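Each of the next two complexes has chain A plus one other chain: chain B in the first, chain C in the second.
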Partner chain A sequence: MEQIPILRIGRCLLVTIQVDMHDRLAMALQDDLTEKIVATRARGVLIDISALEVVDSFIGRTLNNIAAMARVLDAQTVVVGMRPAVAITLVELGLSLSGVKTALDVDKGMALISRLIDGSVASADARREG
Partner chain B sequence: MADAGRSPLLEIVEGNRSQLLESWVAHQLGSGSGQMRESEIREQSSRFLEEFRSALRSGAGGDAEGPSWQRVKEVLAEVSRTRTAEGFTPSQTAMFVFSIKEPLFRMLRAAVPDGAQLAEEIWKTTVLLDRLGLYTTELYQKTREEVIRRQQLELLELSTPVVELWDGILALPIIGTLDSERTQTVMENLLQRIVDAGAEIAIIDITGVPTVDTLVAQHLIKTISAARLMGADCIISGIRPQIAQTIVHLGLQLDVVSKATMADAFALALKRTGQRIGRSGPAQA
Partner chain C sequence: MRVEKDELVPCRTADDIVRVRKEVRARTVALGFTLVDQTKLVTAASEIARNTVEHGGGGIVRLQVVNDGVRNGLRLVFEDRGPGIRDIALAMSDRYSTGTGLGLGLSGAKRLSQDFSIDSKPGEGTTVVLGRWK
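The block that comes next holds the complex of A and B.
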């Protein structure tokens, strides 16, 4: 069975979706990713969907769920590289993925994640001190 | 009496062609086609008669839908096109075909002595010519619709420019009401430019939008959500006092940073992308 690779870069996990997502693959990714976040104690998850041409409502919801689960495990999720056509489709479907952070490409997504991680560390420190 | 293969109509069009052409052209000139030159009318009429004759001769009879009438229709299309371009009304264009009736019927009357047969011939001819006349009207309408469609497209293209203001900052001035179709175009243009320019911030300027109701707000929100999904933030600018009041009265939730003027929005965008523009020192006297 095909599997979506999850790469670890520093404190981040990088997921590059290169194949067409079908429902079972999405569920498998959700399982693998949560396992991996716990195992590597990652603080950020970067999901690159620039190769995805079709995102249906199920995949959209799964992305939202993954972000929510990662948040529970104290990791920030950023979805990068969404194509214009996909963005329009999701909006028309009424899925604005409000729980997911987005960035234009992997580079900007990495920068955003580091900012988010540092920000949350800083605010946690501030809370402890305050 | 004419034999089965050659109807009186064909006899006339074949035998008295120049005479028919003369009286037809005279008739057209007399009936208010004054905007056109005589030579042009004569040329068009003569071509029509030529094709009309070969269509009749090929034995298609009264069925104006048949393939042998294709050439006649092409001539009519040409006539319709030139007349539309010169600002003729549809009835004036259709009169091109209808005006042949009078001279043609007069000749038919002379050629067919028997009353019942004459009535029959005139009926067949009139059905045929009506078909052709209606065809010109249809063409006229089609030409008009094409013009309207093209203008709509051009309007859509013209009204949704996306401007790159600064490195990573796009501006989208919207002018006119935002309906569903325009939203689609605006959204597609904006998203494509976001990808092309790698822009992080898009300023949507609604100075030119006359009113913001729930529907327009809905469309704005859609555009903003789509841009956000791609990883770009939106700022709305150009909200006039009147529109600010309407938005609050309607209870609309735009959930987006908004600024009163494009300049403010631009300043914010610069700050967010970590860029600065300033004066380059004291101005030279």
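The block that comes next holds the complex of A and C.
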């Protein structure tokens, strides 16, 4: 069965979606990622969708779900590389991806995840000290 | 309106949804649609194809290249013989969902198309038509 590879880089998991995802593959990614987050104790998930020519409501919902599940498992999700035509279409479709943080490219996404992780560490420290 | 080309693609399984996206993309490219217009129609087709598979029990989609005397366009006719939709106005409203989705399928596809129509009879099936012009 096809699978979308998940790479670990430091505290982060990196997923690059390179195929037009059918619904089962999207569901499988969701399951694989949650398991990997727990197994690797990852604090961040970076999903590169720059190769995706279409994001419909199903794929959008999957991205939202992944972000929500990751958050429950104490990991931050950032989606990067959305094509302009996809962004325009998503908004008109009515999907705001409000639960998902986004960045323009992988570099900016990594920087955002680092800030989010360090930010949550800092606020936890502040709570302990306060 | 003249139908210049009429092709039939099955729409029965989750894999067919991907195939419909691919076929619609190829037609919009051939017709010279802009990238944004291509993406809008492919996305709308994906939403309706999923409805056909999940709610209509599978069906077909006709890909029709049409000409109204001035412009070329692509018309997509999705047909199933499923249970039909009892209350179309309700089904068309944003966030209304009977399945596992977000309820954006019909209303979102309408926003992404220039032409949209839906015809459904309980017990007989549903036909959805999407169209965009060059």
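Criterion: the second predicted complex is superposed on the first by the 130 of 130 C-alpha atoms of A that agree within 3 Å, B and C clash if a C-alpha of one lies under 4 Å from a C-alpha of the other, contacts with A are read in each partner's own complex, and residues count from 1 in each chain.
Quick note on the criterion: a contact is a pair of C-beta atoms (placed from the backbone, for glycine too) under 8 Å apart; a residue touches a chain by one contact, two chains touch by 3 or more.
Since the model is a prediction, treat every value here as computed from it, not as a measurement.
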> Should the pairing of chain B and chain C on chain A count as a clash or a fit in the superposition?
Replying inline: fit
> Anyone got the angle at chain A's C-alpha centre between chain B and chain C, nearest 10 degrees?
Replying inline: 40
>> With both complexes overlaid on chain A, does A:I88 touch chain B (first), chain C (second), both or neither?
In response: both
> In the superposed arrangement, does A:D118 touch chain B (first), chain C (second), both or neither?
Replying inline: neither
>> Touch test for A:V54: chain B only (first), chain C only (second), both, or neither?
In response: second
>> Let me test your reading of the model: by the given contact rule, A:L97 touches which partner, first (chain B), second (chain C), both or neither?
In response: first
>> Output check: A:V80 vs chain B and chain C. Expected answer is one of first, second, both, neither. What do you get?
In response: first
> Of the two partner chains, chain B (first) and chain C (second), which one does A:G109 touch, if any: first, second, both, or neither?
Replying inline: first
> In the superposed model, how near does chain B get to chain C, counting Cα atoms only, in Å?
Replying inline: 8
> For chain A, which residues belong to both interfaces, chain B and chain C?
Replying inline: 83-84, 86, 88, 92
>> List the residues on chain A that touch chain B in their complex, please.
In response: 79-84, 86-88, 90-92, 96-97, 102-105, 108-109
> What does chain C use to touch chain A in their complex?
Replying inline: 14-15, 17-18, 21-22, 25, 35-36, 38-40, 42-43, 46-47, 50, 94, 101-102, 104-105, 107-108, 111-112
>> For the complex, give me every residue of chain B touching chain A.
In response: 184, 187-188, 191-192, 194-195, 198-200, 222, 225-232
>> Quick check: in the complex, which residue numbers of chain A touch chain C?
In response: 20-24, 53-58, 60-61, 83-86, 88-89, 92-95
